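Next up: some structures, all given as structure tokens.
Consider the two complexes below, in which chain A is the common component and chain B and chain C are the respective partners.
Entry: the complex of A and B
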């Protein structure tokens, strides 16, 4: 064929040159092919992920669905924090085609949703954007109204209303410092909400929807959607009992107000055997539903006077201060409460015993310093238990010195004062050796001062944990607030077991100290904490804030009480700490111990501790009036006499028409029941006298004169020197004779 | 016109005139070429079904099959026409070469005066029929060049006979298409014309000089005058231009998204996401992007190989053709398809700057498809005459 082409006969046929050049053109085309193929391999193989990712970005609209945050319960499954469904309004301005729609959206929605019109209008102009939050967390009725508006205006492609959650704290301020609060995106910012963030948060879900190039969801026939469900968060069951928490907060709030305390107050109640926190209160506090609101009116008034940067800085500071969970984040000088531990150390090491004797002459000279006892003139001669009960400083300096610095430090470490307790809460204070005397620093002077609890700092949680070790037979527990973690269906995922850190003192030392502390309450320095039937044990303290650089008589103090009950079989420990009370009388024994007494006298029966009364207590116990109305006067008289009650007959009838107090009311032993026998005498009244400031016997006389019954609250037996500080019915009011007036008494003698 | 007179008296013409038989079915045509072509056509229709499905759904009130229905009708008509044309003796085109070119020129001029909202004058629209004069001109150019080469083949080395008339025709044709404006059409014409001149025997030196002058002019236009600067910028960094909101970059970047998401094996036939209104004209210029997304690198290479095979077979037919006219016709028509296909692929992969060009047998366009198939009929007709001279 080649031959034929070149022959003259076939000159029409393509020439050799044409053939050659065709092959070259073909080769060039194939080269072009290879070039394109090479480029394709680069895009589709080497860079495939890069392009695919970008493509998916634009093809899929990805919306995040919020998980429901776990619920926080108290130990009785009362809800403390809960998330409820709300709705968030999302706008896709890229789907707004006309200016008049922008204006309509801005006009209508600014009114409906109460948002700034101009800001909303600016958002509608972001024509590239498909995700603008118009308003977060609207509630059901508004969401319904909005969705009707969207349908009416056919703006389904512009707006989406997505489910979200809002955190509610149904009990408001209760345990706020413990619970903390969450931010706008439902993340925990403070307290347990922050510490247990991972547990509570859950995992957000996603809805991936395919879109077309116009930004719309694909038409129903072409739809593509993938949903990854949100995984709801786990719940927490706390060891805190909201009833006990309520008692603690109620009385703490009163005392913080009454003493005009400037640095807040704390109460912790702990199960001595497990370290479970039953209540942890701070006042002033905040409402976690509105954490940004400053609750302290004085602070607010001060801030109101500021302006600009100063104001916002002050606001920020005030907020952060009110959020602090004082019981675990704040330090204080423990003061005389610490004598409990010095005493325990001395008993454990045998450097002192119940029979050891001390002499207090009102102070002790150490090197060049003369350190005074709180009791002017001194306690004179006293035994070891009395030294503790009367909180004698010179005696404890001597006890400390005899013990020696290294043993003191050994137990100081042992009781956990040099470490964090490890409680499962956010921002427990770091404990550094700047806060306490290290072993080398414990020279005679420092050791002596430390022995009665001054010049070093502890946190309230350290203090109560150590007090539990005194109570429970010497075991230092790891405190905790979360008892259980529940999954979103309520199944228990984990349960906290108590952790014993170490044995600090022997069980017998624990028993011996407990007895001394019980005596201290039972008529000793801590007598204001006495609760009939419950054998409270405890120690008060009033510590100078020695680090405040002011003259010693204007120094602020911390008034505190730490104790437990029942003394012979301890169950619950309590710490009351009032930081910087501003009243004249500001001793731990006068302001902190009564708070402990009030809280525990409600909490202990609630917690199922049965009262066990001594014979003495029984004899002094109040009576319940029997029903004598309608009975013959003679019958009534013998019934009342049998019940150890006195009676007074008014009128000349023979039948009791009315009795005051009525049946079932509680009146003191030997109280008087007034029996009315004549119709005409029924409206007789008497005027309530003023009991405040009277001793108990003075009050009794005044009550008898006014023909009233006096019910004493607050104190039991050892009340001869206590004075009345409140009464249930105001002075001057007219009441029927025989009415029961509750009067509470408190010791005001100057004890620590 | 001198060429015309020469032609009238030429020996070849006289001989063909004598031998011309309008219909010739005595010999069979080239089967491999037909098979490759049919495979391409079927693959093209399947691709169009998938690529146009969503686009049609959105633009034709929910009718997903609007484009494919029409395309299948035109494809059937086109194949029928192709078979008819393949039976016609291609030598008849000797007579049509000049009239066809004249008609093309008239239409190319007319189209410039047809009002157009976009300022682009490419289409002539008649009731039931719309076409681009540049498509007709492409065919006319190939026929005319084949004709001129075949009658002048002895003088192709001459400047006056083998270069000047070709160049003149080429410049006029390309010029008319360029001012439509239709840059890609002009480039395609130029590439076809120059390839045919080269194969036809034009002196290499002239072509090289022309290339140098052309390249210099292009360099001047682009880098000195800044002409088509946007297009170049998009080509160099499409993502950057995309971020800057360039419409041209939108097209090319969407195409790259599609091709890239295809990866090695593709998303599977029918599963393109980019065809959902992201790719501009997924049924037309960017149909290859959808093919790449759905069938992956493997599918894309298959399509490239099919076109390469078609070009190889077409050129083979040209080499074996009994005369230079048939040879140049087959080669011209084949490389037209090849150049257009590979240019389209190069555009959608951003290998060369973006210029609107469709993919033969794949892109939607009834008239264009019928014309392409008819032209393939001419190639088949040439293949029928292989061995006839012996």
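Entry: the complex of A and C
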């Protein structure tokens, strides 16, 4: 055998061809090895990061955990916005194998989750999908009910309920334009939610876990998990006081409805010494819990008539309009309110004083243009304070001209009308030189018109900030709405300190102008803002929307009032602005000043400002009816006389069986208490007359004839020209004699 | 035997191999028995030790497994409880939100006016009192006494405080 093999080897030695083939095969093998090595080098070295990432992606599951968004509080720590866990229902149609299950899901869940059945059924048909959102952000009771339904029907492989966050605004519409709202991804979209997004949002956390080849979590023994906790967002404490905000919104809403105002209204209340915004209201507004819902029924009705793209565009526009925070975003011509600043400029520069005299003959001709006063026939001879109180246009044109364009512009800049206020809120409007006359443009005509507040635009926040400077001794403050930032444990991270931007006018000018504004409320053009005991100061304004009126041939105005209280030691300033009221009488003094009066009447006592009544006010004050029921008639008569009240006895008995008004009820000074002394007379009634439109003396006569008591509200001490605009008991109703009818009076004199 | 080369200094025979002596030892049966017993005991003890070590090892491994199982169970319970806490916190916030909405100043005012028929207090219902001439606090001047009086007062104070401490 060995022999044979040897002989074969000797006879069959490798031929040349065989060598050649071998070399070729080796070369090919070498090339293959080089190729493989090159590819491996590329994967392992050049593309290492890429493939490592791919591998980690394949082997590890990395999920983001959402941080809890910070809470927003008002200045008294009432919660205005907070986040809570909710749940989103995810369906995996890929795991639904039978048609009957699809039908059951569509039938049951459409009822349980209040979703469209057909849409839900269509989702169940997406058999390649593993992720279909059935309903987002459901709350605990519904999530529990759904879990039970899933377990009962053994559909754990089809549904997942994952955690999410929802933003709650417990006070609904209150301060909605200030707060703004968040989107479905919990990011702030509007208002403070957007401006303070980084502060409120927090930092998301991560959970990294190993997963198997099917993408599921590994068996518990082999499980790897690394958690980086989410960092919850910081909270905000606002300067807004929800009670004052409510007072502002309550009365603003009423006036916006009553005047059929077409471009909304706004109110700002500010601490004059710090610039802290106590209330910032806009009506109509929206509910941040449902920001997409249009709240204005007129707008909704108009949109309902549209269809297709037109409808979508109208919806989008209506939503954006209702989200706008009017006090910081809208421009308006300030009108006569601005006369306050022209007066302050003139007093500061000494170009006018309290003794300066002017003459108004109903208008003034400047170049070839005749500019009328609001009072036809003119005011006649006026002193400087009277010119301000009566809001005389020609007098102020003269004051402006005497001051000159250069000084006017210097103070115009000083009061902050050429710049943003810098309030810590989103979308404060830009202030460009297109909105006002520059120094070079202030020729005699422009200066004269600007002196009484027309032909330039400001934002309400600019106006109230400047009014605060008038009130606080001349300091222009930087307004702000966030007082503190708190961490997630409630510790204070930062506190906002008041910032004085500059001294615009002297303290003495501030006091002089404050006194004039107080006189204006106490008996001048702003008397509808009078509050007994509180010494309000302020100025009304009614400005033409000239540019818009010319373009669209309308006669729209902005009625406004800006003032502060108490006049001798100012604490809080208020601005009321009603944009485009559609009533016949639409002067600032008639529409805006009463709103300011009502708001401040409630807000000032709440804010701890005690009333200080003058002797005159005390004398005019209403009384509380003493208890005389059960007493002898003679005793009752004596008690009522001592309380400065009149009486009328009904019946011939000697004991008082019933009294109207009853004990403790408010009755005007010298009011009449009706004393019933016989059982048979107790059901006697009288008919309530219509007091609306009557002057006070006419109303008094009507009340006396009907044997009723009249309780007057909304009047200063100078009440002869005011007329009744509302009464507490409707005309024609039968009431017992002596009943107190509350009648509200307003001045309708045509002072802008 | 090595050749003698005329000197006795080297007796090399001493280094030559010699046959080993065969000693016939007497077999000690008692000793052997003892040895056997000792070996048996040793063997038994070894086996016992091995069993004990094995049992201990099994016990340790068992305990470890049991503790892992317990830990996993507890982990599961913690996760469940954490989920419950989250859910209940969420429900608390939702209910607080509902409560805040129902007890807001707006709701309270509307209820007071419309349901209870209440009215806001009028300025005339507030009675103002003059505080100029009443309720003045007068702080007595420190009496200027003798040294003995001051010492007596200090001692009295000391005992008063002592009595207060032990009260």
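The rule we apply is simple: the second predicted complex is superposed on the first by the 635 of 752 C-alpha atoms of A that agree within 3 Å, B and C clash if a C-alpha of one lies under 4 Å from a C-alpha of the other, contacts with A are read in each partner's own complex, and residues count from 1 in each chain.
Note that in this section contacts are C-beta pairs under 8 Å (C-beta built on N, C-alpha and C of every residue); 3 or more make two chains touch, one makes a residue touch a chain.
Bear in mind that the values here come from a model prediction, so they are computed numbers and not experimental data.
J.: Looking at A:30, would you say it contacts chain B, chain C, both, or neither? Reply first, second, both or neither.
T.: It touches chain B, and chain C stays clear.
J.: Which partner, chain B or chain C, is in contact with more residues of chain A?
T.: In the superposed model, B touches more residues of chain A.
J.: Just checking: does A:54 make contact with chain B only, chain C only, both, or neither of them? Give me first, second, both or neither.
T.: first
J.: Have a look at where A:622 lands relative to chain B and chain C in the superposition and call it first, second, both or neither.
T.: So A:622 only meets chain C here.
J.: Of the partners chain B and chain C, which touch A:174 in the superposed model: first, second, both, neither?
T.: Only chain C is touched by A:174; chain B is not.
J.: Name the contact category of A:22: first (chain B only), second (chain C only), both, or neither.
T.: So A:22 only meets chain B here.
J.: Have a look at where A:353 lands relative to chain B and chain C in the superposition and call it first, second, both or neither.
T.: After superposing on A, A:353 lies clear of both chain B and chain C.
J.: Based on the superposed arrangement, let me know which partner A:705 touches: chain B (first), chain C (second), both, or neither?
T.: Neither partner.
J.: Both chain B and chain C touch chain A; at which residues?
T.: Residues 221, which sit in both footprints.
J.: Which part of chain B faces chain A closely enough to touch in the complex?
T.: The touching residues are 12, 54, 57-58, 62, 150, 153, 195, 198-201, 254, 256-264, 273-274, 276-279, 292, 296-297, 300-301, 304, 307-308, 311-312, 315, 318-319, 321-324, 327, 331, 335, 338-339, 342, 345-346, 349-351, 389-390.
J.: Once bound in the complex, which stretches of chain C touch chain A?
T.: 68, 72, 86-91, 93-94, 96-98, 100-101, 104-106, 120, 122-125, 128
J.: Help me check something: in the complex, which residues belonging to chain A touch chain C?
T.: 78-79, 82-86, 139-141, 143-144, 163, 168, 170-172, 174, 220-221, 242-243, 246, 250, 532-533, 602, 611, 613, 621-624, 664, 666
J.: List the residues on chain A that touch chain B in their complex, please.
T.: Checking each residue of chain A against chain B gives 4, 10, 12-15, 17-19, 21-22, 24-26, 29-30, 32-33, 35-37, 39-41, 43-45, 47-48, 50-52, 54-56, 58-59, 210-214, 218-219, 221-222.
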